[in-house]
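Dropping the structures in below, format is structure tokens.
You will see two complexes here that share chain A, one where it goes with chain B and one where it goes with chain C.
Up next is the complex of A and B:
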């Protein structure tokens, strides 16, 4: 790898300034699991890496009294996996993180780096849609908030503009009785299809009040299936289970898979359908077993 | 003390685990320069011009070298034919072929220089597939007269190419199979399978450090064949063999990919051009563009009686060798020869071809062309058994060669108990797993010639204090040679194994050894080491005999000393007795030289390597994804000198084959390799290893090596993919021999079966309706 300058910052404002001082020749650096590979392969060249790992606020996991969970951008996958607080507030994250890449990657890779890289096969991307997260982004002179469904613009392209720094992501804590299903097809180390389902109980705990269905990895960006969500919301749990196949078909129809070495469009659409159906049934099953 | 049959700690383990082990890329010489290669972006093109001015002006760049600069040398190399230019000359034949090399003070400057080189290409039509290469009027990858390299006795009748076929090999026995196929009572089965292009993916990519000092050349390189590299460098640069020194430090994985000359001629040419040591270390993406395994299409036709007796077999195999022949012609004939499998086939015909295409050159790969064939004949065995209503194991047993039986009349008798191997492989009780739906068990068994003449020499120097130094040129490629060969010497001399030190291969110091390949080192290099130690022992006996005034044969050797009756003498005392001082040493020599003769491969196989494995898989009926649940492999090694290393070799070879069966394929689009890196190309990881992975070691002491040992390391690779394909067949009913068995391929094949079943049901319903 070519030599580069390493600048360690202790505040977000300092980091953003350090980036701009290098005049487009810099990159923010947290875990480096993607960035350093690109630089090693010569696909990216930066004169300066702005190290954000030591900015205290970016390393925090916190929750507010209003029931909002906030995760700093520099929190590693490993902490997402093991944090007792997250296991309580968003158990799905910890469950999914256990199988993200491998432990060496999880030890250094961060949630912010994953989101900003916008790799199409990211689990975090699907999770952020499922949890209806909001991202907070700092620029040179403003801080703005972007909802997850506007965050992913294309493969390797997020709403974070040149020089902006992702500070944290926020989402509502898991409501009691919420049940989740998460299925991924991982023939390759990076999954080639992901389907996640989140079912919240309604006023009547015998009903599914609200459903979120999100898929990823099959296409360029993670996406929600509004038609499947509509089909599952307001139904009894028995109806949800019985309607799993139909919801899966709706999701598959709404999906926008892309052909690559892991499969054709037709096959990936089929995977979306199989995995969505399994995820719905998994969620209902977890409810029956009383798990979160 | 010697750890025979128990194992001793690996000599290299501590160094490797703590990062102290040195590889070529860790070495540095004073004034050393670094090099980077500019590679062709086209599969086939004319080079119209190269602009090097901008690259030359990059800070730190010392030289920008093209084929025009390779003056005063023979700029071609190759193990079979000298068909590969050190740098492309006027024409490129595959994407990734080296065109220009930039030498600079450090690798970053070389990289910047490489990016500044401009090459003007005129793209040409390319042949990328086997069919395209064989088509009438196909573009020829090579038009020139091919020059045989003359390195191998068994390739002495290389004829050169016909069209894109660079070499063919034929074997006949009995009557023409076609005549037998037509006989009454004979059922004929035909299967065609394809094995993909796969890469060795050694963790250490190719690396070479060349130091040209006038008429003296020293090369540090990551190779399995220091002596072949020395030979080729001497020929290219017109040097005496004694002037070329090839030194091999630790090698970070090889798998056949580091057999014969690869990047060494370029590194030497650059050092010669610049008058300074030059280090050339490739990235793993470049390694993908340097060598791969021969992909293949295998067509097997077998005639069998209703009782399962094979009466005739015709195998036609095409190995796709890529843009340069490397050792592909030898793979073609050595593997082609054993295409009949471990079976008795009275009437046989084998036609094997090696074919040029505009892809990465294919080279040796663990299994040496045999896994491709086993996939064909063993998948067929399973299908044949079903069609005949026989148990596949019964069908195999009926046809397996017996111990002592001959595969071919002039060759060595089979020195393995194949029936025992099969029983061991099939013997695992996996009923609990196989009772689950969508599961299946597959079995495969194979036979591989390790043949062709081979030469190994070894020297043991017994020091004045009774410790020993072993000089042998087997390369430590991770297999454990630096542990096992000292074990053999320590056993022969009956001294503790830590009293034997083995040096790294250095052609100026350690004696000749043909190759670290073909699972041969423990057996054949091991024999040379054992004989060298025995030579030392004989000399010690003579010393004691003379000192005690008795016949040397009356002197016994035990517990690291000499004895006769009450009299004893340590080795150190014997050396002192001989030289009359505390100095001097006893030098013992040992050799193994293979037998040459007029048989299909021009030499008798020293031993037969067998493979036998059983795997259980589950196939997701909706997605087609295969999970390997259980695996059991049989290592029929004669004698396991170091059982843990035997298991390591056997398990590694098996899982490597799983990769070829399920995940790996070098994917080309428009002549470009699109997944030539370790991110997009999927090799098996620990997550892919089944929960139960077992090696059964069979020890009948029936090998020619020390203590009855035979080689290990390739057998399991030869059967892995075939066993997986057979298991998928059992789990799904789908016969799929087009590797890799990706989930989508299996899904589509299952859809096809389902569609046919649905159609059949519909037709039956229709028939029923009409009938009523």
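Up next is the complex of A and C:
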């Protein structure tokens, strides 16, 4: 690795300033689990690493009275996996985190680093679409909020512009009785395909009022399937279960897979279909068993 | 750019260590090349195989992709710190007794990961062992003997 200077910051404003002072030669540094891989291979070079792990606000997990869960960008995967508060407030996040990467990467890697790196096989990308998260981003002279559906622009490209700092991610409260299914398939370290389904009860709790279907790792960016969502919404739970295959086929048709080390376009489209069907059935099954 | 330097103070296997390093120095290189602790192995170099696993304040990290300065004021444990003189640590003994190793290259990482697992969860189930150890790869034994070794290690550790 080439030499660099390490600047440790204790506030977001100080970090953004430290980045700009280095004039495009700096990178924010959280866990380094992605950044250091690139730097070791000489694919990226920086004069300065701006360390954001010691900014208190970025390390917080908080919840508001409206039930919004706010996770600081520098919170590690491992904390999300083990946090009792999160297990209560947003159990899907903890459940998914148990299977992210391996325990060493989870001990060090952060949720913000995952989102900002925008690696196509990210679980957090799918989670943020599924739970309709909002990202808060700070630049030199403004703070802005970006909904998850506008956050992912392409492979390794997010709405966080050069020199901007991701502060936190907010996950809105789920309606009482909401159930989720989350399926991933992996034979490499990172998943080859992910499908997540969220089913919210309607005014009549015997019906699915609203469905969210999100997939990831298949294509360059995580994606929602509006056609599958429409097909599942407003149905009775029995119809939702019976309609799982149809919703899965719609999702596969709407998906935009790309070939990579984990498989061909055709193979991934197949995975999307299988995993979406299983995720719908998983969510309905949890409903029947009374689990979140 | 001229390489900046900094002072690093940490404890390695219970012993205080102070040295001057560059920010870019990786923990594995400091352990192996500067402190002569070559038990920690470099293998995949991309945080996948687990051969370079060491504990920092009790938590597993991939020392191949972890900057040494992060250990300032912290406790680092490597495979060299486990045995008590000629007496193997119960985890090491369990791996020997139950053939949890063949070539031995993955073993320091396997054992350090087991140490962190048992410190956190002294009586893990087989699925819990498999989930925790998923990120440590062995190319010779298959994993049965490793899981068995860890189960025995848990029993022995609980007893002592």
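In this text, the second predicted complex is superposed on the first by the 292 of 292 C-alpha atoms of A that agree within 3 Å, B and C clash if a C-alpha of one lies under 4 Å from a C-alpha of the other, contacts with A are read in each partner's own complex, and residues count from 1 in each chain.
We take it that contacts are C-beta pairs under 8 Å (C-beta built on N, C-alpha and C of every residue); 3 or more make two chains touch, one makes a residue touch a chain.
Since this is a predicted model, take the numbers as computed values, not measurements.
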Legend entry - Room on chain A for both chain B and chain C (clash or fit): clash
Legend entry - Contacts of A:3 with chain B and chain C, given as first, second, both or neither: both
Inset, instruction - Kindly classify A:189 by the partners it touches after superposition: chain B alone (first), chain C alone (second), both, or neither? - result: both
Inset, instruction - For A:264, decide between first (touching chain B), second (touching chain C), both and neither. - result: first
Inset, instruction - On the superposed three-chain arrangement, identify whether chain B or chain C touches more chain A residues. - result: C
Inset, instruction - With the two complexes superposed on chain A, say which partner A:149 touches: chain B (first), chain C (second), both, or neither. - result: neither
Inset, instruction - Mind working out whether A:37 is in touch with chain B, chain C, both or neither, as first, second, both or neither? - result: both
Legend entry - Clash with chain B, by chain C stretch, listed 38-46, 56-64 or 110-118: 38-46
Legend entry - Shared contact residues on chain A - chain B and chain C: 2-3, 37, 102, 189
Inset, instruction - Please give the residue numbers of chain A that touch chain B in the complex, ascending. - result: 2-3, 37, 41-42, 102, 185, 187-189, 261, 263-264, 267, 270-271, 274
Legend entry - chain A - residues contacting chain C, complex: 1-6, 32-33, 36-37, 40, 47, 49, 78, 98, 101-105, 107-108, 189
Inset, instruction - Within their complex, state which residues of chain B touch chain A. - result: 108, 111, 283, 285, 622-623, 625, 663, 667, 674-675, 677, 679-680, 682, 685, 742-744, 747-748
Legend entry - Residue ranges of chain C in contact with chain A within the complex: 1-4, 6, 22-24, 26, 45-48, 50, 53, 59-62, 65-67, 69, 113, 116, 131-132, 134-136
